[in-house]
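Each structure below is given as structure tokens.
What follows is chain A paired twice: with chain B in the first complex and chain C in the second.
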Partner chain A sequence: MKREFSFLGFTGRGGALSKIHELVREMKVARVMTSSFYSLAPTATMKELEDLLREHRISGAPVVVNDKLVGIVSIEDLIHALERQELDAPVADFMTSEELILARAQEPVMEALRRFEQTGIGRMPVVNGQGKLVGIITRGDITMALLHALQDLYTEAEQIQDRAQFFFDALESEATSLQLRYTVEKGNFARGGDASAKIKRALLRIGASPQLSRRVAIATYEAEMNLIIHTDAGGLILADIQPAEITVVAQDSGPGIPDVELARQPGYSTATSAIREMGFGAGMGLTNIDRCTDSMSLWSVEGVGTRLQMVFKVTPAETGESERDCEAT
Partner chain B sequence: MKVSQVVDALEWRVLAGAGKLDSEVNGGYVADLLSCVMAGAQSGDLWITLQTHANIVAVASLLNISAIVVAEGAPVPETTLSKAEEQGVPVLSTAEPVYQTVARMVELGI
Partner chain C sequence: MTLDEIMEATEAQMLLEPPFDINLLSACASDLMSDVLLFTKPNMLLITGLTNPQAIRTCDMAEAPAVVFVRGKYPPRETLELADEMGIAVLLSPYTMFETAGLLYKAGLKGIGKLPIIRQQR
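Coming up: the complex of A and B.
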């Protein structure tokens, strides 16, 4: 069995499941259905149906006029015809033409699956937006498509793990860490949160739990917005990711905080009214950061700059119930 | 309950992220101060706000909010909507004030 790679010592278990969810939700019927199928005209005889079913070992066929679906005829209908000895009658006499259970090419596979479950039928004709018959879908088609997609997913995940494993194994050092660096522009609200989002994505990719990624993202976002709102010329965000600990530093070159103790008090803010109108300046930034980090230190000198260091411990047991989850208090 | 079901039941308008309405709604959160949202909103919440600046998208995305609900029919800038499309965050709109919006969500069992 392949060793599961995770730089951060443990893997986010939600990952694979949510991918499967995504697959089932997003995969369209059109991708799964069989587009080659046998159909009959309503004028074909039940004898012709019998031959078709026997020859291709199928249990039913759609009935079409000018590519439009007008009915479905199955092996049960054939049995009825046999009982009444009416094999020369047209298919139109025996087919089901009302309340047809069908699938639409552009609907998610999930919906089709639900219909299979509700009705207990084995196959459905697939029509496009214009009611034209474009394929047939069976429960088996869905299962096979999901299995294939799953296989691809695992192969892809394995390749990523192999590459990452190889990369880190090839490095010899006393302590290996991954460093990420982002420049944050002053006043660029349109890109506010970009650096935090990238750090969060990176953490999830290398195996951090959603909870750990979340508290790093929240704290980093507050620090990022502080650089955008309060600095003279923007600043830098540096993330140093180690297997047991993540450190994020936000630093700038001014103007500096005159009274650090005051700045750390909940509700204290120097934001202008224009900035408050955008929803910032609640004076809760540093309080939020404090709650999301395992330790933080704020160093600032007026006219020189500010350096905020946030440390997050990586704990394998971090769950949704964690006390340091930055959730509501 | 899914976001799409809430949208249908309460007749909200979908301004962005129409393809992302499949996620489960776990609860709701109301605030216009982004730091409050950062501190209090849970993953899967519907976030009701009057704030329409593009930064609401970044906040919602970082917190895995199921959808942003802009109340009082407040106009939402195009920059916000395009960012929401890009990041796959649904932005919904209701003409009702926040209080009524929350009341109707509670009636639905959220």
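Coming up: the complex of A and C.
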């Protein structure tokens, strides 16, 4: 098996998974259905239906008038006609024309799949917004489309990893690291967590384990909210990613923390009630950060600024069980 | 516990469906997001009265796939947009946080158990 490249020595799957999310949620019936199909007019005879089914090895056909769907006729209807020896009768006499089970071209594939499961039928005609017949969808179409899409995703992921490998292999240095930099605005709660979410996605993308990405994200999120809540003018978040170690620094230029030891006490907070109403200011931020990091250092001078450095060791995937996680123990 | 079971236990309604079937292993009820992040475990349900986007951010960081907003609070548009983007399911419970949590606990959803008592200095 081909060893998948990853900068951090792990194989990340978070990115691919969220793409499957998208795929399953967003894929429309129109993309999956077969748009070439055989149909019959209501005036066609049951004998013509028999020929059509036999010739094309299908088990049913839609019945249309001026492109509009008026019914469905299946192999079961043909058997009825054979039993009654009425092969010369028009399709209209045997077709199902009421309470047709349909798929709509613009609905998600998941909806169609649900209907297949609820009704137990094998195929559905697909109509557009005007009720015009535009295709046929089977369970097999959905399976094939999803398999193909998965294949594409997989190929794409492989290409990204190949490119990343090429990129890092081409660089010669004693220690190569990837640096990410984010500006955090004071008081911008709407964007709070943006930088942390981006760091988390980046880590997953370059192959960090979900546990590692999570503890980096949680600690960085706390630091990011501190910049938003407590600083005079916002600050910076810098992530330095190396194969064995990730360092995230959150720094600002004031006001500084008067008593760092006190600030580190669990439950100590200077947040206003307005901040608490927004869900922050529990006084647990630094405690949380401490839990999630392998080491942290907090430097602060009143009137100068604060620098919080958080270090996360990249532990091998094999020892995943002993890997620290930001969980209550 | 599935979202269907949660909806049944708390008479909640689903505002935003999850992209995947999810199975919740535990729950955490709080309006303070740092407390949530302290207790977080994967596949945890967040029960909160905080309807701003930070509740969703917290779910994303903590890998909590679903949130129940309590006491009939309806979240603002930006919260729903973020939840949709992050693929986090949103449920609305008509009960208070205490009652929502109680009903779910009674229905068999676990908490995280005991924590050490930490002396808090103010």
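Keep this in mind: the second predicted complex is superposed on the first by the 255 of 329 C-alpha atoms of A that agree within 3 Å, B and C clash if a C-alpha of one lies under 4 Å from a C-alpha of the other, contacts with A are read in each partner's own complex, and residues count from 1 in each chain.
By definition in this document, a contact is a pair of C-beta atoms (placed from the backbone, for glycine too) under 8 Å apart; a residue touches a chain by one contact, two chains touch by 3 or more.
Keep in mind that this is a model prediction, so the values were computed, not measured.
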When chain B and chain C are modelled together on chain A, clash or fit: clash
Partner chain(s) touched by A:E222 [first = chain B, second = chain C, both, neither]: both
Partner chain in contact with A:R104 - chain B first, chain C second, else both or neither: neither
First, second, both or neither for A:G279, with chain B first and chain C second: both
Touched chain A residues, chain B compared with chain C: C
Partner chain in contact with A:G192 - chain B first, chain C second, else both or neither: both
Touching partner for A:H230 - first (chain B), second (chain C), both, neither: neither
Which of chain B and chain C A:R123 touches, first, second, both or neither: neither
Residues on chain A lying within both footprints (that of chain B and that of chain C): 25, 189-190, 192-193, 196-197, 200, 210, 214, 217-218, 221-222, 225, 278-280, 282-285, 287-288, 291, 326-328
Touch list for chain A against partner chain B, complex: 25, 189-190, 192-194, 196-197, 200, 210, 214, 217-218, 221-222, 225, 278-280, 282-285, 287-288, 291, 326-329
Interface residues, chain C side, partner chain A - complex: 19-20, 31-35, 37-42, 48, 50, 52-55, 57-58, 60-63, 78, 87, 112-113, 115, 118, 120-122
Residue ranges of chain A in contact with chain C within the complex: 18, 21-22, 24-25, 189-190, 192-193, 196-197, 200, 210, 214, 217-218, 221-222, 225, 262, 265-268, 276, 278-285, 287-288, 291, 326-328
Footprint of chain A on chain B - complex, ascending: 22, 32-36, 38-40, 42-43, 49, 51, 53-59, 61-64, 79, 83
